[in-house]
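Inspection log for the structure reproduced underneath, given as structure tokens.
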Amino acid sequence: MVVYSKKITIKTKKKLDFVRITDLVRQAVKESGVQDGIVLVNPMHVTSSVYINDNEQGLIDDFKEFLEKLAPRDFNYHHHLTGEDNGFSHLWRTIMGREVVVSVQNFELELGRWEEIFYAEFDGERSKNILIKVLGE
Amino acid sequence: MVVYSKKITIKTKKKLDFVRITDLVRQAVKESGVQDGIVLVNPMHVTSSVYINDNEQGLIDDFKEFLEKLAPRDFNYHHHLTGEDNGFSHLWRTIMGREVVVSVQNFELELGRWEEIFYAEFDGERSKNILIKVLGE
Amino acid sequence: MVVYSKKITIKTKKKLDFVRITDLVRQAVKESGVQDGIVLVNPMHVTSSVYINDNEQGLIDDFKEFLEKLAPRDFNYHHHLTGEDNGFSHLWRTIMGREVVVSVQNFELELGRWEEIFYAEFDGERSKNILIKVLGE
């Protein structure tokens, strides 16, 4: 059994950003030497998401409008009583999900034709860690 | 350590459909020979979901109305500029989630009394693959 | 390879409740003896969630208002034709998610600074089981 861990750091220039990380995860899978198994990918933060969907800018714009409709940025959240101003970030991350678990086959990520792994940042402009964990043989 | 992979294909007759796949996953777990471990189940497509909830038709109707309220089908999504007409399908899949990870114990899926595994199709009438990956010993 | 299973039981006094379970999961990881691997945590019920976010009461209040807005408690869900009255519980659990998978490193949960594991109960006042499954070496 092989267990391999890697952390990557992302610092987006914008408060909100969607970054395709499929190749970074693919690279970690290669480094692990795992032929057959799974890989877990998650941010180590509570205001961002790792999710899988289409790599298409229009869809990313749709995600932003959809999230804004469900949990508006400009709203006086209870969480703001702590001095924070990122209540929406916590809710957006909840909608988009925290983590993905993906199959590894023949030393490669086993993704469908349109499946791309994204890091969605909802409170950026600072360094954030993404954890990649590969298990298998 | 045992790692077992299987793909199953589902082609729904309707554009929107909810298909109970608990027994198909149970069968794959049996085939794997894994006594104690986990199983990952995910569609290899970005317009459908694998999720766990109650096998009850009223609830499935509730899901449809809930999803329609959050992301209406009849809306001019940015994603449609690509020529696609399934913007809502990508959003619905996001709400319902991509994958489930379930415990395997004594060669069996370890599910609660009302936990049933579903494949939710939001862009059907064509063949879709579901990946099942069993890990354990 | 080590595979370790544990179930914990929680009975909330309120119908709706959010219970921090990080330390219970940490304890199970210790008991497993796994040095490097992953842990899966999920309720064995379809009206509750295990999720990861900030341990902050204001945010928990925000979650409740957000969920109420997306799927009101006081609504005549199709699911109620079965005699149940917890349609919203199934939808809230869908929004918050079913399970989390977390890295285990050096015999410890590998969580970010603000990542806390929560059990969110949407149909409480009775005993519910949470499954914890640790895999690794």
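Should a chain be cited, it is by its letter among A, B and C, assigned in written order, with residues numbered from 1 in that chain.
Keep in mind that, in the parts below, a residue touches a chain if its C-beta (ideal position, glycine included) is under 8 Å from a C-beta of that chain, and two chains touch if they have at least 3 such contacts.
None of the values given here were measured: they were computed from a predicted structure.
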Checklist entry - Hey, how would you classify the chain contact layout here, line, ring, star, complete or other? => result complete
Next on the checklist: Taking only the C-alpha atoms, how many degrees of rotation bring chain B onto chain C, rounded to the nearest 5?
Outcome noted: 120
Checklist entry - Would the interface of chain A with chain B count as same or different, where same needs over half of all numbers used to appear in both copies? => result different
Checklist entry - Measuring from the mean C-alpha position of chain A to the mean C-alpha position of chain B, what distance in angstrom results? => result 20
Item to check | Two or more partner chains touched - positions in chain C | outcome: 1, 70, 95, 97, 101, 135
Next on the checklist: Considering only the defined contacts, which chain A positions touch chain B in the complex?
Outcome noted: 1, 36-38, 51-54, 56-59, 61-63, 65-66, 70, 95-97, 100-103, 105, 110-115, 135-137
Item to check | Partner chain A, residues of chain B touching it in the complex | outcome: 1, 3, 5, 40, 42-46, 70-71, 77-82, 87, 90-91, 93-95, 97-99, 101, 129, 131, 133, 135
